[in-house]
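What follows is a single structure, written as structure tokens, with notes after it.
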Amino acid sequence: MTILAVEDLGITFGGLRAVDGVSFQVSLGEVFSIIGPNGAGKTTLFNLVTGIYRPGRGTIRLAGEDVTHLAPHLLVRRGMARTFQNLQIFFRMTAVENVMVGHHLSERTSLLADMLAWPTVARQNRRTRTRAMELLERVGLAHHAETVAGELPYGVLKRLEIARALAVDPKVLLLDEPAAGCNAVETEAIDRLIVRIAESGVAVVLIEHDMKLVMKISDRVLVLAHGRRLAEGPPREVRNDPAVIAAYLGEHGAREADRAHG
Amino acid sequence: MLKTLLSSRLAVLLLLAVVIALVPVLAPSSFYLRVAALVWVFALAALGLTILMGYAGQVSLGHAGFLGIGAYAVAIGPARLGLDPLLSLVLGAVLCGLVAYVVGKPILRLKGYYLAIATLGFGLIVALVLTSEGAITGGPDGMQVPRMTVLGWRVSGIQTWYWITGGALLIGALLALNIQASPSGRAFRALHDSEIAAAGVGVDVASKKLAAFVISGVYAGVAGSLLALMNGFITPEAAGFMHSIELVAMVIIGGLGSVVGTVVGAAFLVVLPQALTMLHEYEQAVLGLLIMAFMILLPAGIVPSLRRLVLERVR
Amino acid sequence: MAGLVPAIHVLFGDEVEHVDARHKAGHDDVRVCGAGCKVMAEFLQLVFSGLTVGAVYALVALGFTLVYNASDVINFAQGDFVMIGGMGTVFLMAAGVALPFAVLIAVVAAVLVGLLLHRLAIEPARGASPVALIMITIGASIFIKGVAQIVFDKQFHSLPAFSGTDPIAIGGATILPQSFWVIGGMLALVFGLWLFLERTLIGKAVLATAANRLAARLVGINVTVVLALAFGLSAAIGAVGGVLVTPITLTRYDVGTLFALKGFAAAMVGGMGNPIGAVVGGLLIGLMEAFGAGYLSSTYKDAVAFVAILVVLLVMPQGLFGRRSVERV
């Protein structure tokens, strides 16, 4: 079932068409990857879809509802969560608190109750903490729960961001280079994690430079170049698409690749 | 173990309560009691700023404006409108909350330096109004604050005011600590570190900032009311730029985001000028020098730095 | 509690009345004048006083801009350079030094303070948060004021006008000769600064550092020296402004606060970091204030300017000449 439908999306920065008429659809339980050379507009596309930038044109539909101009925090309420290319962690909070913030929307207390430490607040805190711990367990970070995030290594924080995004119980999860800067072991852990998330019925939209990872776990791949759609399809098809190879390797590289393929 | 003890809510409150209880025992004269009461009042005002700056990460260089509004509420209410002083105090707090809401709504969209200058401008305008509307406020010379009577009991004497301000500080500290450990507090601290990520998990960043601003305004307002009632006199200087800066300095010098640190910072900045009275001429120079020195040499603030030291010793 | 007497605004309230009082003498000359002409004359009068004060705001804003571009620091002590220039000259002249030398020494003193500020307070705090930097420079400002009230005193002082006090009549309004000094001095400084930045190697190094600090370092520019230069220059500019305007507005140890506020507001209105914006912003703030004082209320002149600034900020957060920045995530 299609959960996210992007139609003819575009934005211009000072004359540069950073994203230019991109359309795609993602279904629940699917891993949909967006790849492309640096500067192709991948992260910009994410920022458009998650409401951080206002699109110049096009529409975004989430579960059939037009959400094109909604603010980020309202999109989250409708089931959209994301991680960030350059980490956006709450560095002064502990790992478990980071994930607890992710549960913010499901917490049922008021500011007044919070100030007065109403009994409901303590109960809510316990409930949130338990759920946050479960998520930390799920991404394999339970042992770091009480560590201040600023003291944790990069690879761990990447997974912490995923746990925090999962805390909003998303229908669509956008991951911006979750394996960037991670070593082989960490990458594999993230790879398994993503597959499991998709299996649980979440639509995963993935930006990633690690082609091995992308080809292994994606159901479909969208290739962007200069803000436009270059190709879309299953990994195998996309990998052999001459236009894609040309975009990645340049014309010369494409000829070489042709020769190599015989 | 030590770490949890140092950060537990109960421990902080107990510590504060013990200090508040001990000062009158140790104070050799009522002068010291008065200074201590001033510390509690300014600590209360600074606690609001701790919620705004320390938790939510939003700077305000105009918080003395709220101090002034609260102070003049208990002066103008009874003297010009015939209101009960206690009611005036409550109305003053409500007014501070409203003003904070109306002012904060547009300006909290600004960040960093821009927010700093906008809040500074707010404080300036409040001080300007208090100075210029002489018919109501008594102008630059200030005005008398009528004594408070509660149920026929005339509230006066530094003894009484010492306990009132100390109690108010304890309540203020309790509420601030409660917020810190609550869902709202987590949202505040989250947007301090990354607004984008906070919005990315559904935190309504704008409304949370506004909530923190309103709370902090009410804190400063109540502190201002207490200050005016205790002194029995008030001038527009209460809302002045220097007080705004001192409040921020208290929060940062003590340790940004730390409740104990805020009280320590307030104590430092209130007691110091008293200690420097013999060097009265040099007071301003010394104050400026100290603010600079602390920011450069101890950017984390007194209490967090001490805490780290203690924890490292134990380890 | 250190008491900053709330008299700064009184000073600024005074200052326009001061100007007006001298101008009113000139008003009597224009007797053959209808109602419409009177309105026009009044308007022109406000423009003159607005441009005069605005020129000083422009200089302070220019100082902010220089430092901000080179270091991302907003120097809240910027206004105190204005005070040092004015007070220094006053006291040197009182000690018998001739005006030109007094000005020179006062400006050099301000530059020294600027360099010391950079060396002792800004440089050691490299990498501090904006809030910490705000507090450091505010601390510096308080310190400078504290020292100034000891070295100088707590009284208001004035300087004799450079070339007479006979108002010059223009279009029914009058303007003080000193206003030409202020506005002309501002223009000369702006032009000189432009020449320096565009035509000298070290000036280009400043521009390069402003554009990209890391890249500047990579091509061998000594960034620390450039930053020191920016602080020294901004101090000099502020001090000269202080000297020029003191015959009109009087000066005291604590006038820096409002000059800093207005100058900063001017820099923001113009678009932080843009020198032309700083000049235009300064003149605009000066005009807004003059019109606020003339048509609305001279008591709330400062408030009028601030409200206007807030509106500009909220409608155009990037200022009139600033570039829109896109947040990268």
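In order of appearance the chains are A, B and C, and numbering begins at 1 in each one.
Rule of thumb we're sticking to: a residue touches a chain if its C-beta (ideal position, glycine included) is under 8 Å from a C-beta of that chain, and two chains touch if they have at least 3 such contacts.
Keep in mind that what you see is a predicted model, and the values were worked out from it rather than measured.
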Between the pairs B-C and A-B, the one where more C-beta pairs touch: B-C
Identity of the most central chain, Cα criterion: B
Between subunit A and subunit C, centroid-to-centroid distance (C-alpha), Å: 49
Subunit B and subunit C, separation of their C-alpha mean positions in angstrom: 32
Separation of mean Cα positions, subunit B and subunit A [Å, integer]: 41
Residues within subunit A bordering two or more other chains: 52, 84, 88
Residue list for subunit B, restricted to those that touch at least two other chains: 196
Residues of subunit C whose C-beta touches two or more other chains: 327, 329
Residues of subunit C that touch subunit B when the two form their complex: 1-7, 9-10, 74, 121, 124-125, 128-132, 134-136, 138-147, 149-150, 257, 261, 264-265, 268, 272, 299-300, 302-303, 306-307, 309-310, 313-314, 317, 327, 329
Residue ranges of subunit B touching subunit C (in the complex, touch as defined): 53, 59, 61, 106-107, 109-110, 112-114, 116-118, 120-121, 124-125, 127-129, 131-132, 140, 196, 236-237, 240-243, 245-246, 248-249, 252, 270, 273, 281-292, 295-296, 299
Residue ranges of subunit A touching subunit B (in the complex, touch as defined): 50, 52, 71-73, 76-77, 81-82, 84, 88-93, 97, 100-102, 104-105, 107, 109, 111, 113-117, 121, 124-125, 128, 161, 164-165, 167-168
Complex contact set, residues of subunit B against subunit A: 174-175, 178-179, 181-187, 189-190, 192-194, 196-205, 211, 215, 257
